[in-house]
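Naming follows writing order (A, B, C and D), and every chain is counted from residue 1.
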Amino acid sequence: MSGMWFTEEQTANIRFGCRINNILHSEKTDFQDLAVVETLQWGRMLLLDNLVMTTDKDEFVYHEMISHVAMNSHPNPKKVLVIGGGDGGTIREVVKHAKVEKAVLCEIDGQVIEASKKYFPEIASVLTGHPKVDILVADGIKHVKEAKEEYDVILVDSSEPIGPGAVLFTAEFYQAVSEALKPDGIMVAQTESPFYNQELIQTVFPTIGSIFPITKLYLASIPTYPSGLWSFTVGSKVYDPEAIEPRELAELDTKYYTPYLHKAAFALPQFVRNLTEGK
Amino acid sequence: MSGMWFTEEQTANIRFGCRINNILHSEKTDFQDLAVVETLQWGRMLLLDNLVMTTDKDEFVYHEMISHVAMNSHPNPKKVLVIGGGDGGTIREVVKHAKVEKAVLCEIDGQVIEASKKYFPEIASVLTGHPKVDILVADGIKHVKEAKEEYDVILVDSSEPIGPGAVLFTAEFYQAVSEALKPDGIMVAQTESPFYNQELIQTVFPTIGSIFPITKLYLASIPTYPSGLWSFTVGSKVYDPEAIEPRELAELDTKYYTPYLHKAAFALPQFVRNLTEGK
Amino acid sequence: MSGMWFTEEQTANIRFGCRINNILHSEKTDFQDLAVVETLQWGRMLLLDNLVMTTDKDEFVYHEMISHVAMNSHPNPKKVLVIGGGDGGTIREVVKHAKVEKAVLCEIDGQVIEASKKYFPEIASVLTGHPKVDILVADGIKHVKEAKEEYDVILVDSSEPIGPGAVLFTAEFYQAVSEALKPDGIMVAQTESPFYNQELIQTVFPTIGSIFPITKLYLASIPTYPSGLWSFTVGSKVYDPEAIEPRELAELDTKYYTPYLHKAAFALPQFVRNLTEGK
Amino acid sequence: MSGMWFTEEQTANIRFGCRINNILHSEKTDFQDLAVVETLQWGRMLLLDNLVMTTDKDEFVYHEMISHVAMNSHPNPKKVLVIGGGDGGTIREVVKHAKVEKAVLCEIDGQVIEASKKYFPEIASVLTGHPKVDILVADGIKHVKEAKEEYDVILVDSSEPIGPGAVLFTAEFYQAVSEALKPDGIMVAQTESPFYNQELIQTVFPTIGSIFPITKLYLASIPTYPSGLWSFTVGSKVYDPEAIEPRELAELDTKYYTPYLHKAAFALPQFVRNLTEGK
C-alpha cells in the first residue's frame, strides 16, 4: 500500500484524504491548477485547484442527477446547454435523451476537456465526436448573454463558487440564463453542500427564485464531495420538476437516477427545507 | 487555529480528518476505546475504537432516521427496545411518540452511557431519568433471546460490524429479534454505507429478508459517517414502512425526518436497489 | 492507538505529525497560542503558535546545548541572563554551574512560565523557587537595553523568528546584548535549522560577527525540531568557546552535553561552514 | 501548491509528510515496493516499502558519511565492497579515493539500480560505467560468505532491519564480513536512529564488538531519516577510525564530510555513549 495521499481541505477544519498510487497529470492552465490522480478507493480523480471534481467510480451520481431531473421535467428538450462540465459527464447524460437535437457544451478551460478526453474516456465519451454535440471553449456567462430564447434546458455544471466559477452564482448570471431559455425553459445549477455551504444556499435559492416562477432544490449523495450530500437548484418557467409521472417516463440506462428517485430527491430534510425558506 | 486533528481511517484508502481543539475524555472500557473530542466543524464528537459514533451537530440525522421510520410505520408502538445506542439519541427520539409506554435501552458498555450523560447532555437527555425509559447495561443479543413477543419495535443501533457489535449483524441475532417482537412487530438495523460496505448489505439484506416478510432498505445522509450516505434495513412482520400516509401522521419536532422524507428515503438509487436485489 | 494527531507545518512542504492521546492545555495568551499535548512518542509537548517548543523526552538536548557551551567557555560565569526560555529548562541547566551567583530569566509571556510549572515540573524545576534564580515577566530587548556590563553570560532562548520572537534576531538586539555583557562576556543565540533556515543563518551570523570579536556556530541534534539539526551562534568578547580543555572541566549531570561533544559541536559539516562564510 | 503528500510512518506514533508534485515511478519488485516521487522540499526521493531511502538534496550526508570515515581510516583501501546501496551514492563516494583499484557494488534488487540510473543520475553517476566499479545484482550475505580476506573496506549500506535488509543486522553476517576482510580490514554499517532505534543499537553494537577488536559508533544528521540523527558503526581489525590526523588527509570534494567532522562524529552525546556501553 502506497504512502501517497491526496488531501482536500474540504473546509478550514475538515480534511478528506485519498490514498493515491499515481499522479497522471498536473498542469497550471490559464484558469486553474489541473491534476489527475489515481486513487485506490475511487479510481481516477480529476482535481481543479486541489478540489475533487469527479472520479471514475462515483461520477455517475453527479452527472445523472444534474441532467436527468431537468431533462425529464421538460416534455421536449430539443436544445440543451451545459455550462462548465468540461469533463463531459453531464453532456454524455444529456444525449441519452432521444428528443435532444443539439447539446452545446460551453467550458471556459479547454485543458479540462483535453485532460478528460485523455484520462477519463468513459466520462468524456461524447467529447471526442458526437453528431448532436457542439463544444465551445468559451466564457459561459458571455455565451449565455448572447443567446436569446434559444435553449430548452440549461445545466450549470460549475466548479466551486471561488475562482473562475464564482460568477456562475450571481443574479446577473441567472438572469442571463433565464433570457437564454425559451419561454418554457428550465435550468439546473449545482448549489453545493447543505451541511457546509448553508449561506450559499440561503443566498442563491432566493436569487433564482426571484427570476424563475418555479424554484426547487433537490439533493443527491456524492461521496467524494464535502459532507457527501449535494444540492441542485432548479429554476423553471413552466414545468414543475416534482410533477413528473414516474411510470410514464422512458427508461434510461443509469446507476443512480430513477424516475422515483427524481421525485424523492425533492423531499428535503427539514433543515434543508428551512434553508430554502429563509429560516 | 489548532494543529490538532482527529483522523478516522474510514477505509484502508480514505482518511477523514477533523480539526480538534480539545480531547475531553479518553478511556479504555471493558469493550472498546472510548473518546470524546471537541471538533471545530462538528462540535463534540463521540469516538469508539477511533470511529465516529455521533457528533453534536449532525446527530439528528441518524437518531431521527433510525427511529421515526419504524415508529411511524407501526400504528401502536407501545413497547420499544433500542439495542446499543448508549449515547441516548435514538431513545430520545422514540419517546417523542406519545403512544410509547415503555422504551428500553440495552447497551453493553455502561461507559458509553456515562460519557454521553456527561459530554452530550442534549443527546443523552432522557438517560438521566425519564418515566418511560428503562436502561439496561447488558448484552443486547442475550436480552433479545430472553424476550418473547414482547416488543412492538426494536431498533438495532449498533456500532460497526467489528468488535462487540459484530454479533448484531448475524442471522442468529435477527431471528432472536423476530421472536422478541410481537406478531405485528417491526425492526430497523443500521446497515452501513452503500458505497463502502456493499458486501455487508448484500449479506445482511437477504438475511433479514429470510426472516421478515417485509424487508426494505432506506437511506439517510450522515456527513460524519464514511461516504456520507448511510443505510438502514427494516424487517417488518405486517406493516409496510413505505405505505404510510404522510398527511395522517402526527407532527414531530425534527430537523431531518419528515413524513414525506420517510417515504422518499425508500426511493433508492439504482445501484443500491441492485445491492438489495442481489445484483 | 488513538486517531488523534498534532501536526506541525514545519515548512510549507513538510509536515511533522505526532500521535497524541491528550490535549492538556490550550489558551490564547496575550502573545501567542499556547498548548500542551501528550504525545505517545515524545511525552508532553509544549506548543507555541502550533510549533514544537520542547518535549519531555528530548528537551535535554536543547537545554544542555544552549547553556553549557557558553557556561563552560567562560571561566567565571557569576551572573547569567536567559532571554525567553519560559519553560525553565535553560536556566535549570545554568544553575548546575556552581560559580553562578545569580541567574535571571526574562520571559515576555508569563503564561509560558505558568503552563511549564504546571505541566513540565522537571523542566521548570527551578522556576518554583530557587535561591539563585530571579524571574522577570518582561520584554527581553527592553531588559537588555537597560543593563550595562552586567552579565557574564546571556543566553537567547527565543522562539521562531516570527511573532514576538522576531526582534530577537536583529542587529539592534545583539548590540544591546553586547552592551549588557561585561567586557569578557559571552552570548549564545538559537539560530534555527541549517537545512531549512539557511537565509536566517546567512543573515544572523555576520550580524553577530560584526558585533562580537569571536563568533562561532555549533550544532545539536533535536529530533522534534524541523530537520532534526539545530544551530546555535556564540558571540564572545574574549573567550574562544572552541578552546576549552575537556579534561579540565568539572563534570555535569547531563544526557547530551559532554566536554568532548562541546568541542566537536563546532566541527561543522562543509555546507554549514559555507553558510557561515557567506558562501 | 499541490494537495498531494507522501507520508512516512516513521514510527507507530510519528508521521513525516512531504508535499509532492509527481510520482515518477512505482513498481513492485521481486523484493519490495519501489517508488520515486518528486517532493517540493527535498527534490526527488527514492522510497522502498514506503520508507525514504535517499533524496536529491540531502543524499550527500549519508553517502559521504558512510564511506569517507572508513576510507580515510584505512591507509590503503584498494578493494572496497558496498553491500546494498543500489542507488549508487556510496560507491560514487568510494571512487573519489585515488587509492581504490576496485569497488564492487552488491545489490540484491536490480530494480533499485535501474530506477536510480533513470531518476537519480547524479547519485547513480558511476553506475552507468566506471573503470573501477563492478556491479553485482546478488545477495550480499552470500557474496560476503564466498569472499575470504578479499576486501580492505566493506560498507553495509542496508535498508531498514525489516524485509530483505533484516539479515544484514545479524552476527552471522558480521562474522562473514570479518572473514571477507583482509587482516587489516575495516567495515561500516548503518545502524539506524539513536532516538528511535535504541534497542537495535544496544544489540548490534556489542554484536559487532564481539567480532572486531575496534568497534566505534559515529553520527550524522540526515534530515529525511527518522529523528534526523543517524548512527553508523565501525568494526575495524587494526586501524582506529578516531586516530586520523585531519591535516594529513587528502582533500575530498564533499558537502558534509570534512576530516575534522570525521573525528568529531565520534564525540557522542552522553545518551548515545550509554547505548554503546550497554547502559
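One rule holds in what follows: contacts are C-beta pairs under 8 Å (C-beta built on N, C-alpha and C of every residue); 3 or more make two chains touch, one makes a residue touch a chain.
No experiment lies behind these values; they were computed from the predicted model shown.
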(Q) For the two copies subunit D and subunit A, is the contact made of the same residues on each side, with over half of the numbers shared, or of different residues? (A) same
Q: Between subunit C and subunit D, tell me the centre distance in angstrom, where each centre is the average of that chain's C-alpha atoms.
A: 32
Q) Where the centres are mean C-alpha positions, what is the separation of subunit B from subunit D, in Å? A) 55
(Q) Using Cα averages as centroids, what's the distance between subunit A and subunit D in whole Å? (A) 54
Q) Of all residues in subunit B, which are in touch with two or more distinct other chains? A) 1, 5, 7
Q) Which chains touch, pair by pair? A) A-B, A-D, B-C, C-D
Q) Across the complex, what residues on subunit C touch subunit B? A) 1-9, 20-23, 26, 33, 35, 37, 47, 50
Q: Quick one: which bits of subunit C touch subunit D in the complex? Just the residue numbers, please.
A: 1, 5, 7, 11-19, 39-41, 58, 60-61, 193, 195-196, 219, 221-223, 227-229, 254-258, 260-261, 263-271, 273
